[in-house]
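Shared chain: subunit A. Partners: subunit B in the first complex, subunit C in the second.
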Partner chain A sequence: MINKIDVAKEFSARPYGRYRDDGEFSAQRFREEFLLPAFEQGLPFLVDLSGSNRYGSSFLEEAFGGLIRDGITQEQLGLMEIKHELLPSIPLEAKEYIEQAISANDN
Partner chain B sequence: MTIDWFQIFKIVYFLIGHLDEVVAIILTILGWFIIVQNGKRLARKNEAHNLFQITRSLVNNIFETSKHAWLKGKIDLPQIEEHHLMLMCAELEICISKLNNYFDTKIYSQQITDLRQAITLIPFTINGKKLDCHSRIQEINSISSEINALLITGVYTHLNKS
Partner chain C sequence: MKKITLDTILQHERQAIDREKRRRRLRGENRSTQEASNNDFYAQISNRNTVTFDERCEFTNSNINATLEPILSLRSKVESGEKVVLDFSKTVYCSAIFVVYLFSEIELLMNQYGQNTIDLNLYTLPDKLKRLFKGIGLLQLIKTRVSDNTSRRFLPVTRGINDQQLDDIISFVIDQARFKTDLSDQQRARVELLTSSAISEAMLNVQYHAYPTSEIDRYWWIMAAIIDGDLYIALCDRGVGIPSTLPYSSWWEQIMGALPINDDAQMIAAAMKYTRSSVIGKRGRGKGTRDIQKLVLEHKKGLLTIVSGKGLYRLNGAPYEEDRREEHFPLLYDISGTAINWRIPLED
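Right, the complex of A and B next:
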């Protein structure tokens, strides 16, 4: 069975902010405490964003775009799947930030 | 299997004998069918129209709220306002996905993504250039107007056809 990170249940239904200084449920904390350990396991995993509709763009950029800045490779990114049951624009946006971070990294 | 022509003749003879009643039954069934179909069509049209009105006012509310928030905040968006705007964006996306069941509005997740970015991405950059609050508001306005235009075109073109 694929590992799943249920953001609303395991992290917060009210995520906010980019850095730890911005609040308790910041993107930086989510990335460091949930996403990076999941990549370290080397197994496919699903990031389920359903259950909350309050993902600000800064949160998504820092959580997902920040993975590239933290040294996650494109090959490793293949392990991660992102979904939201109701709002397809949210995973789309997260993927867009990953792409942007990759091209910024390449330049 | 052989055809019992006598039986068929008896049925036809009976139907001709009661032609007025047969026609009345057929007309009643046909009438009900037309009324039910028309009722369904009108209900669908009203439902879609209401959904369209809700969606349009949501787009306008998102623009107004974000304009006030950004003019006030200047650098950052307070948590409560960000959450409020995010909920409105989520509502908008759900309304548009429901509207797309009725019409092809040509509004896709990408437009909602662009709108959400313009509202809550800090810093907000376009082509690597950081935008100030007024340029951000202009961008929100331009995306909202584009969504509104697509809504009006998609919905009214279809409503006028049906």
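Right, the complex of A and C next:
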């Protein structure tokens, strides 16, 4: 069975901000405490964003675009699947930020 | 302190004015009694100077300068040690963005110069404004003994420093939206996403940019209200203003040279246009500005108003670019901060 990170249950239904200084449930904390450890295991995993509808652009960019800045490779990104039951625009936006971070990295 | 109703306070003030009128009549001051308005009486018996607000207090191109003048006068008088009474007897309309800005100004002045420096003439305050001022908590700020708001149509102004109160605002918006129309789970989720991302990104902008030299007091003030079937959410800060911070943005140099930028209003408009349409710099800064616009862009009749520094910007929302309308106007006065208002129709 694929590993799953249920963001609303395991992290917070009220994610807010980019950096740890911004608040308790920041993107930086989510990336460092949930996403990066999941990549370290080297197994496929699902990031389930359902259960919260409060993902601002800053949070999504820092959580997912920040993976590239932290050195996650495109090959590793293949391990991660992102979904939101009600709002598919949210995983699409997260993927857009990953693409933009890759593009910025290449330049 | 025991809270009492607005009517009781009003009754006390009316009695005080009537007593003063009787006293003057007995002293043979009939002529001045007839000529003096109730407003003058209130100022005289409370030994205060009056600041009179305009007929329409709103941040629109035609009225913003006349709306700001009494606020500047209020600040100037309080700073010079005068006690002031606010007079809204001529006012027929106050916009949400104006009242949240006024609230922030009064709270800052009271914190610095004392609670007793500012009073409000309830006697001549129109009934519609009494309901509004009570609903958003302005009466309770000035007249500390007035009992709290119980209206479902208003979420009182609150002051905060991060995402505090976001839950209250979102719940209010969802409740009001549900009250007006049947929302599916997906629609409800969409309303929550658009509202929370717009507000939280505006709050983050305050945290990141508004108070660059201050380690404390990175405050914003926020309120929400339903007025004539439209949802209003207004947020303001008293920081340095958007035009002062834009030149430090990583993407600002990409705008410079591409657009005519000669004043604060053009700076705000350029930033809005650029962040709406472009892939932004390395860390994606500026995306939050896009979220702030998204809330109205998806509504045909949505209106976003931003006043910052000496600039006014308005964006009439619509799903398609060709239907959108943007305006920007330079102002005579610097508002010392930023005020943002979203107006969202709850019914088509």
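As a convention for this text, the second predicted complex is superposed on the first by the 107 of 107 C-alpha atoms of A that agree within 3 Å, B and C clash if a C-alpha of one lies under 4 Å from a C-alpha of the other, contacts with A are read in each partner's own complex, and residues count from 1 in each chain.
FYI, a contact is a pair of C-beta atoms (placed from the backbone, for glycine too) under 8 Å apart; a residue touches a chain by one contact, two chains touch by 3 or more.
On a predicted model such as this, the values are computed, not experimentally measured, just so you know.
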Checklist entry - Touching A:43, do we find subunit B (first), subunit C (second), both, or neither? => result neither
Checklist entry - Which chain makes contact with more of the residues of subunit A, subunit B or else subunit C? => result C
Next on the checklist: Going by the contact rule set out at the top, does A:65 touch subunit B (first), subunit C (second), both, or neither?
Outcome noted: second
Item to check | Touched partner set for A:92, first subunit B, second subunit C, both or neither | outcome: first
Item to check | Doubly contacted subunit A residues - partners subunit C and subunit B | outcome: 14, 16-18, 23, 53-58, 61, 86-87, 89
Checklist entry - Tell me, which parts of subunit A touch subunit C in their complex? => result 14, 16-18, 22-23, 53-58, 61-62, 65, 69, 86-87, 89-90, 97, 100-101, 103-104
Next on the checklist: If we count contacts the way the header does, which residues on subunit C are in touch with subunit A in the complex?
Outcome noted: 162-163, 166-167, 170, 185-186, 189-190, 192-193, 196-197, 200-201, 204, 207, 279, 281-284, 287-288, 290-291
Item to check | Touching residues (chain side subunit A, partner subunit B) in the complex | outcome: 14, 16-18, 23, 53-58, 61, 86-89, 92-93, 96
Item to check | Complex contact set, residues of subunit B against subunit A | outcome: 77, 79, 82-83, 86-87, 89-90, 93-94, 109-110, 112-113, 116-117, 119-122
